[in-house]
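Should a chain be cited, it is by its letter among A, B, C, D, E, F, G and H, assigned in written order, with residues numbered from 1 in that chain.
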Amino acid sequence: MPTKVKKNHRKEERSLFALGNEAVVEGALLAGCSFFAGYPITPSTEIAEIMAERLPRLPDGVFIQMEDEIASLGAVIGASLAGRKSMTATSGPGFSLMQEHIGYASMTEVPLVIVNVMRGGPSTGLPTSPAQGDVQQARWGTHGDHPIIVLSASNVQECLDMTVRAFNLSEKYRSPVILLLDEITAHTREKIQIPNRETYEIFSRIKPSMPPEWFVPYEESMRGVPPMPALGEGYRFHVTGLTHDVNGYPTSRPEEVEKLMQRLFRKIDQFFYDIQIIEETACEDAEVVVIAYGCVARSAHLAVLQARELGTRAGLLKLKTLFPFPRPAVERFIRQCRAVIVPEMNMGQMSREVKRVNNGLSSVRTLNRIDGQIITPAEILKVLQKA
Amino acid sequence: MKPPYEIQRFELRLSGLGGQGILTLGKVLGAGLALEEGYFVAQTQSYGPEARGGASRSDLVISSQPISYPKPEQLDLLVALSQEACNQYYRHLKQGGYLLVDDSLVKQTPTNIYWGLPFTTLAKEKLGMVQAANMVLLGALAHLVPFVVPRAMKKGLETSLSPKFLESNLKAFQLGMTQAKKKYPNVQTQWTSF
Amino acid sequence: MAKDKQQVVVSIYPDWCKGCGICAAFCPGEVLELGPDGKARVVQGATCRNCGFCEHHCPDFAIVVKTKRRIANNREVDHAHEG
Amino acid sequence: MAEVTQLIHHYLRHNKRFPHVLCPGCGHGIVLGSLVRSVHQLGLTKDEVVLVAGIGCSGRIAVYVDFNTVHTTHGRTLTFATGIKMANPRLKVIAVMGDGDALSIGGNHFLHAARRNIGVTALILNNNIYGMTGGQSSSTTAENCYSTTSPYGQQEQSFDIVELAKAAGAPYVARSTVLHVKLLDRIITTALARPGFNLVEVLTPCHTQFGRKNKFKTTVDMYKWYKKNAIPLDSLSKLPQEEQNQRTPIGIFVEENRPSLEERYAAITCRLEEASK
Amino acid sequence: MAEVTQLIHHYLRHNKRFPHVLCPGCGHGIVLGSLVRSVHQLGLTKDEVVLVAGIGCSGRIAVYVDFNTVHTTHGRTLTFATGIKMANPRLKVIAVMGDGDALSIGGNHFLHAARRNIGVTALILNNNIYGMTGGQSSSTTAENCYSTTSPYGQQEQSFDIVELAKAAGAPYVARSTVLHVKLLDRIITTALARPGFNLVEVLTPCHTQFGRKNKFKTTVDMYKWYKKNAIPLDSLSKLPQEEQNQRTPIGIFVEENRPSLEERYAAITCRLEEASK
Amino acid sequence: MPTKVKKNHRKEERSLFALGNEAVVEGALLAGCSFFAGYPITPSTEIAEIMAERLPRLPDGVFIQMEDEIASLGAVIGASLAGRKSMTATSGPGFSLMQEHIGYASMTEVPLVIVNVMRGGPSTGLPTSPAQGDVQQARWGTHGDHPIIVLSASNVQECLDMTVRAFNLSEKYRSPVILLLDEITAHTREKIQIPNRETYEIFSRIKPSMPPEWFVPYEESMRGVPPMPALGEGYRFHVTGLTHDVNGYPTSRPEEVEKLMQRLFRKIDQFFYDIQIIEETACEDAEVVVIAYGCVARSAHLAVLQARELGTRAGLLKLKTLFPFPRPAVERFIRQCRAVIVPEMNMGQMSREVKRVNNGLSSVRTLNRIDGQIITPAEILKVLQKA
Amino acid sequence: MAKDKQQVVVSIYPDWCKGCGICAAFCPGEVLELGPDGKARVVQGATCRNCGFCEHHCPDFAIVVKTKRRIANNREVDHAHEG
Amino acid sequence: MKPPYEIQRFELRLSGLGGQGILTLGKVLGAGLALEEGYFVAQTQSYGPEARGGASRSDLVISSQPISYPKPEQLDLLVALSQEACNQYYRHLKQGGYLLVDDSLVKQTPTNIYWGLPFTTLAKEKLGMVQAANMVLLGALAHLVPFVVPRAMKKGLETSLSPKFLESNLKAFQLGMTQAKKKYPNVQTQWTSF
């Protein structure tokens, strides 16, 4: 049962010793999230629980526990259409159930954030163990070709930062954004710095700025991202998961369908460099680079430092954007290095992407674990030294 | 804020049974070290069905540098509040690592070199509330471990607990510290490095 | 239902007992209580009414109430379960 | 009784092509007319109405009417509606669903929306069949009826939507047919005017996919069947018992007041704000 | 009343470690005992019984009992059970579900299984909370109760499982608590003996996740509450009205006969075979 | 309403002028399928409808229409556990809803067949238009790493053949098998030959052959595929989507989890050559090879013949197994050809796989269409001539 | 409800009429029937009772029943809808 | 079974409105050519909401060789049973392709070179059942198109229709054939290649 929580409208910067999942909540509130719908599932549950405590204390915050994950994402889409920055959080099985609605959000260009705290599995799997098995699913889980943005985080501060980032990107590009965490990152407590809301860059969807009668909901434009009114604001538009024309009405005319689909992809593609977020450690002169993300990037970080001490010119490329795949960054190191190493807690899901762009230029080594245990620095170090 | 001790990487495990307040203790200790003392701390813990009365565990990695790998690899200090926990985790202790047990519960230690204090008995008998054992332990840690600074821990308790519970907890903390000091007066000098 | 108090022996498998206290709380004969180890134990077997409440309600199948005759006859068979 | 049709035209989207895609005689169009009249009657503005629809022929009406319209996924209409209403309680949220949509795939959301008493007017356009996909049986297809997936007659019992809504706790439950359009107008208007979850089941004929396979020669025959078969709830009890079972009662089955979820939520927020002052 | 526990032991898996993972005093274990006794009483063989369970603490019992056991996905137990029963109607299919499992995520399958009258004995272990995931509210958490997702008190009405089952058309609907174990044995035995869909709701305490947050000091207090609160259905009407609303009736609410889906299906197959001769 | 259908237990070979969807039913019945659970969705619905007519006429056939696609696959898994060869059919949105249960079937090694007739989309998309947008989803749609078999067919006869194949593979390897069709293939009518059931190779799951007390449900073995009793046959085993030990009981011990996962992958990997089904046309001396599948392979076939006439040494590699990706076959042509062309009715889902294994050896050209229209022979020919 | 038969004019938009026949089947005045093109048409406008059935039940919003006075007064306004 | 004519690739479209029996006709024609005559035939048709009373279309590609691409690219023969269909599809007719219309329904043909017969009127007036127009059309095709062999079509009808409906359908078929023969006695010689 809750006791008092202090006012939420903090202006000053403050720090907290927080769980990764807690940091997600802090990030979301900072980004302006005021709507959460979800369904409990380990190891994401704390996000819902903390939201349940925090949101009702905000003047316009809404928390609702839905009957399942399908309903949760349905409600989030509805709330976003009604003008709210909205999110949900889940884990593997729930994420699988959300797939139909992820496609809907992508097709209808509804900004929202889905946090998927990956656990071991397929299926019910290992509910309380970490894994990185949902990476390709985050990209391809829904039917039909669709653009999507997938981010990840590897420590608690990044949980906050990347949640803010996720909201910003979703609002900027009218796209669902998936934040992939793993059980370790979500369940580690560390100190985080919560920045001042005023000084932090927060992006909100652009609203139409013409009289309603002149508003064409899905009009072509340079940016490719149409302005988005909220339901009830006077711009009466139609939203549909069917392929639609610029007015939003269903169409199956090939030229209109083609235009729609091209625009959906283009709006992500052309802002690639805004969306690609990576972090390099000791990379300038590296001969071997480890490409990692999530909790494994932490092991990799230590391994790289240790390898340097042992005389190997190792570097770390940490991916914070997983999709669209940060190809240019990866290609740079493929050219520069005699080998790149991709350690992952799955059977090789990001390494596929690396191999795809490798084109025979470098040697791509993989290091995989799927037993619910984190890959240790020592394991990575071993591969580093052999590479 | 610069922490008083330079710590390379110190790995600590609190272990025992569900209901002994181990997870809370991990949080309080971590928060104190991270927020009050400015160390880098990564705290993880066991989840899952064991949490319901089964085994319970909280790990802290403490360092003056940013922590890359957040899980302990070889423990510098193992705290065991149950025999099972002691048996299970002793092998994770690194050579020269320290073992601290509740000797009212852990009857067989795998080594003769250890610190033992009866946290649970103390809490029950001196304070009349067995749930305070974790705070007694925290007090003991504040004496036994150099960088666990009493003032910081107390401050941590003050900010995280409601006034209603604060007093009794501080009392337990004090008790632990006193008892530890009594039994191991010179312990802090034993530490060679972190 | 047989209510011959003399005929029954109540035994508990401490390994399986989780000390929930249901048996002790509702036992009409006040036969049971929770011991210092937190497990149920028989304190006055003689007052057992063989009502079966404890057996039916122990969530951990840790209580066995046996009529004495049965015990005598089936020692071997039962033994397997007690091992 | 003047200006009925012009009124409807006023609410249709002028940049959409008409006639709509529905089959000749499909009752869904009549429901759309009734809905428009009810909105008009209550003086609601087009801007404050959000029509959320499912996938099915029934859902197709969303595209034609000049409200805020959201054509969702099959079966999930009420989840979107819940999000919209909680996000902006000032909106008048109307959910339009088919029987397959609301009760086959969407049955759970229906129960939970009723239980929560979320402020949505839910119209279920029950034609006892999957119209859009070509005539498969739905959970309201009566026993022994034929459909493309029950070629030997439906062997499963059908749902009584009214009973389900009652059991789930809906505070307003009503039923009409598209033939009984005065009743329909009345119950939709009442539903729209109330807070919380309000369920209106509309019996509407699908000759193309249901009637043809079940001995209805024309769409008009199906309307005639409603005329013969439907009976106002309060007249029902006057019939002999066995005849009662043959007939379909229409009217208002439940009409109670209990605070809607959005109202209760607002109260909590208020309470917390007070407490934190 | 002899040999109760030994009997249960006989049905437990000897290669599994005991005690089971459930918390001290968790009522789920009592249900398992009752189920075993009922199976035994009817003389069913272990081989012909299939226990299908959902995800939740309740579902965990599947692993301990020496029947054919299928631990499914969260909320979908009845869909697996339906497939199994239709595939082999000779099997005795038992579905064990939690309240979250059966009614939050799985509510739709519950309705449809009842409607179809598929031959499954459905046990809902209703502890009014999500036990396994750590105490979030479920759709049977009573209004104003506390949970980790209703820290300010539950603002949603809760389901009455019995009412839902009735509305969906279940031919047998009964309820007991784990304290009323004679009744429990009786209704489970009856349910198992009947064809078609038979629903048994069992009220069972979760002190760990529900009781602690809602002023129950110990698990025993929760059993005491059942003692005080539950009342046999036929005694209910003898109470003054306002007291009736405070109490939870237990007993058999519906007991009717109608052919099960698998029986009807077999009849069709027969008819077709006759016709093709 | 149905009129009489003749006896189903035909022994003689016969031909039919049938829809692709109809051929799927014929194939399924031939393979011994006796259980179908489904939910209607365009353009797969005819499969359910024809099953609804046919199955009740078989002595043990069961057709059931479930309340949604989640329930459909749940029922199919249940029926398969009870010993039936079972299947379902769906399309995009329904396929997305099935993802959780696909993972369950993969984890619990339940043989079953899912036909996904791809339509245009993401989301509701283009319900009556063809596309090939669910290829990567078929591989990655469920959470967690999992093995899966994905087949496809490009004409009506193949719909029959590949359905039989799908059942055979699923029974042989205790794995869900996904048959990906497209709207064109499913909705084309052609003559098919229905082979005699006696002469056709039909595989059924292997049953345990020891006394029940000695049965270890998920024991390690050379083949990696444990024998599978039906529920109620006397082998009382436990089925769970949790990671489990050889007895089938939940475990999270890393070494047991690791063993389970390795076996799941190994049982598919080591029989790769049994699972890989490809078809080559004019490939021996080809300098440019088109790699195609589904309806596009038909366009490619014509284009290749036309190109040959115009003097280009073109060939066609038709993929009937999509996953596990027929890497050896593709690599052969990558080595042999100056270019390979991958035309697809999506944004490039198989071409990713080709690029992944290309390693800079050949030039991989893509040709993509996502407007609901089939890629024509002329379009492919154009690329062929330029390559 | 005004029932002055003289006052009303019933008109149909053939483009929108799909010829379902509902209006004709239930019109109490037998005003309407389906023509050879399969569309509804007015056969005896004079017997219209202005009951509104057809307007309320036409699923395609293809029938307009107007009182004559209204027509006279609002010609321009109505025109827009008829265009 | 070797088909009597060697056909390279013949593309035929049947088009009109829902309810005219076009989809059935496509199936019957395709089945006859494929099963009775041994041609390779790929038949496709329009799906979607138009099927409910809107436009309706059935396409056949016919060949003596296996058919790779199953959809028509340039029609050899367009049959139009409605004005809209005629307008919409005429441009898909290849140069020298044939157009056949129901001239009781299609009043404006985009060319003067076409065959016209009043299938619907014939069905209504001579047979009293407008639904038989598609079989009248089939009869006409059997006369007009060399490889549509009457015997094969009749056989096809016999196997696919229940006896109840067979007679009236055969009658319609006969009518169409007779009428076509009467109006276009020498048409079969016009065909130069397939």
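Note that in this section contacts are C-beta pairs under 8 Å (C-beta built on N, C-alpha and C of every residue); 3 or more make two chains touch, one makes a residue touch a chain.
Worth saying up front: this structure is predicted, and the values here are computed from it rather than measured.
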{"item": "Count of contact steps on the shortest path from subunit C to subunit F", "value": "2"}
{"item": "Chains touching both subunit C and subunit G", "value": "none"}
{"item": "Selected interface, E-F versus D-F, where C-beta contact pairs are more numerous", "value": "E-F"}
{"item": "Centre distance in Å when subunit B and subunit H are each reduced to the mean of their C-alpha atoms", "value": "88"}
{"item": "Gap in Å, rounded to a whole number, between the CA centres of subunit D and subunit B", "value": "61"}
{"item": "Whole-Å gap separating subunit G and subunit H, where each centre is the average of the chain's CA atoms", "value": "41"}
{"item": "Whole-Å gap between the CA centroids of subunit C and subunit E", "value": "27"}
{"item": "Where subunit H touches two or more other chains at once, by residue number", "value": "48, 53"}
{"item": "Multi-chain contact sites of subunit D, meaning residues that touch two or more partners", "value": "23-24, 71, 73, 104-105, 107-108, 111-112, 139, 152, 265, 268, 272"}
{"item": "For subunit A, residues contacting two or more additional chains", "value": "42, 56, 67-68, 70, 93, 100, 104, 123-124, 127-128, 240-242, 252"}
{"item": "Complex contact set, residues of subunit A against subunit D", "value": "4, 7, 35, 37, 56-57, 59, 61-62, 64, 66-68, 70-84, 86, 100-101, 104, 230-234, 236-242, 247, 249-250"}
{"item": "Subunit F-touching residues of subunit A, taken from the complex the two chains share", "value": "70, 92-93, 95-97, 99-100, 103-104, 106-108, 118, 120-129, 131, 133-134, 136-137, 139-146, 240-243, 252, 254-255, 257-258, 261, 265, 346-347, 349, 352, 355-361, 370-373"}
{"item": "Residues of subunit D touching subunit A in the complex", "value": "15-16, 46-48, 50, 52, 62-63, 66-73, 76, 79-88, 90-91, 108-109, 111-112, 265, 268-269, 272-273, 275-276"}
{"item": "Subunit B residues within the subunit A interface of the complex", "value": "26-27, 30-31, 34-35, 40-45, 47-48, 67-71, 73, 162"}
{"item": "List of subunit E residues in touch with subunit D within their complex", "value": "104-108, 111-112, 115-117, 139, 152-153, 155-160, 163-164, 166-169, 258, 261, 264-265, 268, 271-272"}
